[in-house]
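In the part that follows, the structures are each spelled out as structure tokens.
In what comes next, subunit A is part of two complexes: it sits with subunit B in the first one and with subunit C in the second one.
Let's look at the complex of A and B:
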């Protein structure tokens, strides 16, 4: 097991190089002069050149990248070009907002999707199944950011129950962004739960369990659901990680102070160091979470544990 | 008696006719297909019905921000343009972006994945390790970066959306090729002297297309949502064009007093995506009877 975990962690090294180089090079390639946008239009050409030299912008790309990566491997993620804030500190101060929002959205997803998917599968082809499947299909087709706008229109602008944006109003601020993120996730998870449960319900071991007189509730929850859990956890785990970076549009709609919005601001501000560092941090966070999900499999399914430890 | 004739005729039907037969049985899929065809017709007709310069990107200050009425069923926007006209005209952008982006992913992804699955050995390991690495890069970040660096235009958005899902298609294509590779007809093709590339592209890949097609359909729906989101952020289709996400972004400042500006373009996205998802589900069931629920 440990060998497996170490192997997965070792992959992080090439991954960090790949991500950082892609982001660094693309940001460098982007049109416009980051130094000029930093100092403003009023500086003379000489002053601009001096500033460029000072910030090290005159070196070739590969030299600057090498210098940056040396810092990263010593734990120095650089400073933001604007205001000179430490990039790592800034990221860490925003991360709790993203994690709390993602956690709440996933909690909602689990509460809605698993019971709904199980019921839809157990009552296959009944009216409950039809309603659950149709709702899931609709939820999957709503653009998240638009749903956010519509909720905002109703609950903030018309009814004035919830704040339109930001995270200053405690739990009230979390309600709309979390629901917005949860709808698409819950829809997909409901569909996955339903189809995974349908696979199990037809299996022979369930018939055996029933024949032995196990009551129906135990058959469904203890036997079928436990075996149906792997694809469900896969989907929910990947949804959780996607929200580290993928909530950019929703974070932007609600002006959420999370890492998605932070990264977007860095990219728009042509802040090469900050954008690259945020990308590295998000990628590592995603990879570690996915690893945690894979380790979780081993506890749910001994067959998978055997795969990790064997060979 | 009639049952046996039915069975016989079914056996004689071509593969596509069989798929169509299965597809037709799914009510939702047929409804989705009808809606989708209607949207395509609207997208084509809008080019001829509306004048681009006056109706779509023009300015008419006398008609600013009128609520929905018989004359303007979806109201008018802050530039006095008819929202219905813009929504209809915008259909082509979403459809084109969805289809072209996915085509990019399918072509590159299938070729890369198919080569990995077909050739095997070191080539396969190198390709698949790279694909696994690429899969771990947050795709959304990549799209934003590519569009930001190359400029917010429709072709750049298509390219970015397409490239970001190439690894997903490559993984799926490899799995599909692996299931087909061992079949007897592949061996037969080899035995009669078919070369490697010819065997791959003529015999293996066409038979491995079903899962790729299913993935592509659902990705088109996802792409339309994503593209609208990027345009909403200002990193997609540039402002005066009536792309639905860009329209939502334009109207946001007027949302409190004129909510219709935010409702109709969003509904258009949702209906289009719903139609494509329904078709996708129908295709999945028709192509793989084992998956039928």
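Let's look at the complex of A and C:
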């Protein structure tokens, strides 16, 4: 098992190179002049050139990238072009907001999706199933930014219960962003739970359990659900990773001080170093989460564990 | 969660029924059992008016082709026919003298595994892949015996030893076992609480021949050891000859002939039974071709007007297609459902 984990972590190194190079190069090729946007319009061409030389922008791409990566592997993720803040410190100060929001959204997803999906599967083709499936369909179809704005309109502007944006109001500020994120996630997870449970619900081993005298609740929750968990965890795990970076839309709708918004600002400002560093950090975080999901598989399904350990 | 309400009653709430005190003649008594499956497209008539009786310590063989309704028949004894789409009706389904159809969910759960249990056909899919085999055996013991987890685990280990698997392998998962070993585990689960009735649904069909013999021998031994009555479902007449006291031959959801092993094997009456015997390979003439029964099993969505076997029957008369055959007792123990015996001189060829 440890061997497997080490192998997976080793794979991270080429992955970091790949991701960072792509982001670095793309940022460099993007139209616009980062130096000009940094120093402003009212500078002469000579002053600009001097600034470029000073910041090292005149070296070839590969040299600049190499210099940057050397720093990264020494733990120096560079400084932001604007204000000169340390990128890593900045990222780490924003990360808790993103993680807390993602965690809350995932918690909501699990609380809603798993019971609903299980009930829909057990009562297959009943009215509960129809309602659950239709609601899930709807939840998936609603765009996140629209739902966020509508919630804001109702709860912030009309009812004035919740703050419109930011994270300054404690738990109250988490409610709307978390719900917005959870709606789409829970919808997809409900559908996954339902179909995964349906695959198991006529399985022979459930009949064996019933023939033993196991009650229906245990048959469903202990025998069937555990076998149905792998696809469910896959979906929920990937939703979690998506929220590290992909909650950008929701983060910007709610002006959330998370890493999604931070990355977005760096990209908009043509801040190559910061954007690449954020991409690397998000990559590592995503890979580690996915690894955790894969390790979780092994605890749920001994057959997968056997594959990992090669037994 | 209201969906579980009717099941969530404590199992101990059900009156405990000790099968050992049951002193009726028949441990199983089924009269006029009908099971149909209602789907949107069609209604499948799986079992059509079956009577079954099983005496203590006897083994009844239930023989017939795939789709004859054998498994459905025995599943209704445990009230395990999936509903929907299954609809079960019967004048009587008694297990150890108690009516199954009137039992509460809790009573059924106390009965299953303790009084009557079942060995399933396919050991590859009958075990939960994510539970250790020891836990799967112990689960049954924990439900029915008043013991703690540790004792249950120990008893599960003993049970594994009984079926010829070292107890320490109880901590392994089903995928670490071969097919024959898995079937031994399934048998261990079924026998864990020493039920007095055991249903074996084609227990050896999925196994290769050498393992078949081992498993049958094991089952016969355990049946003796625990004084179990048994229903053996199979389409292998050789297994019937080895294990059964009585035989019932099923065709299209009906019993067409039943009697003692001698009655059915030596004094075969029904043309379908004859066809089954004729289709066996001939041991003394290995080059001869097999003699299959011509035609196919009838469409189970249609209840035939006359005898269900008439279309494939070499002796069928015109009246066979229009009139349901009657039950005829040719001796105290031997029943055949065939109207050809209206003619007192009729006899089947049964040329082996």
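Just so we're on the same page, the second predicted complex is superposed on the first by the 310 of 311 C-alpha atoms of A that agree within 3 Å, B and C clash if a C-alpha of one lies under 4 Å from a C-alpha of the other, contacts with A are read in each partner's own complex, and residues count from 1 in each chain.
Basically, contacts are C-beta pairs under 8 Å (C-beta built on N, C-alpha and C of every residue); 3 or more make two chains touch, one makes a residue touch a chain.
These numbers were taken from a predicted model, which means no experiment stands behind them.
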Subunit B and subunit C placed together on subunit A: clash or fit? fit
Partner touching more residues of subunit A, subunit B vs subunit C, is chain B
TODO: Applying the touch criterion given at the start, work out whether A:227 contacts subunit B, subunit C, both or neither, answering first, second, both or neither.
DONE: second
Message = After the superposition on A, what does A:157 contact: first (subunit B), second (subunit C), both or neither?
response = first
Contacts of A:172 with subunit B and subunit C, given as first, second, both or neither: neither
*First (subunit B), second (subunit C), both or neither touched by A:11*: first
Discussion item. One more residue to check, A:3. First (subunit B), second (subunit C), both or neither?
Written reply: neither
Min C-alpha distance, subunit B to subunit C, superposed, in Å, is 10
Touching subunit A in the complex, subunit C uses residues 1, 3-4, 7-8, 11, 78, 80, 82, 105-106, 108-114, 117-118, 120, 122, 125-131, 136, 139-140, 143-144, 173, 175-176, 186, 189-190
Subunit B partner, complex, touching residues on subunit A are 11, 14-15, 18-19, 22-23, 26-27, 29-31, 124, 137-138, 140-146, 149-150, 152-153, 157, 194-195, 198, 242, 244-246, 248-249, 252-253, 263-264, 267-268, 275, 279, 282-283, 286-287, 290
Contacts from subunit A onto subunit C in the complex sit at residues 115, 119, 122-123, 202-205, 207-217, 220, 223, 226-227, 300-303, 306
Listed in rising order, subunit B residues that touch subunit A in their complex are 28, 132-134, 136-142, 144-146, 148-149, 151, 221, 225, 228-230, 232-233, 245, 248, 252, 255-256, 259, 262-263, 266, 269-270, 273-274, 277-278, 281, 291, 293
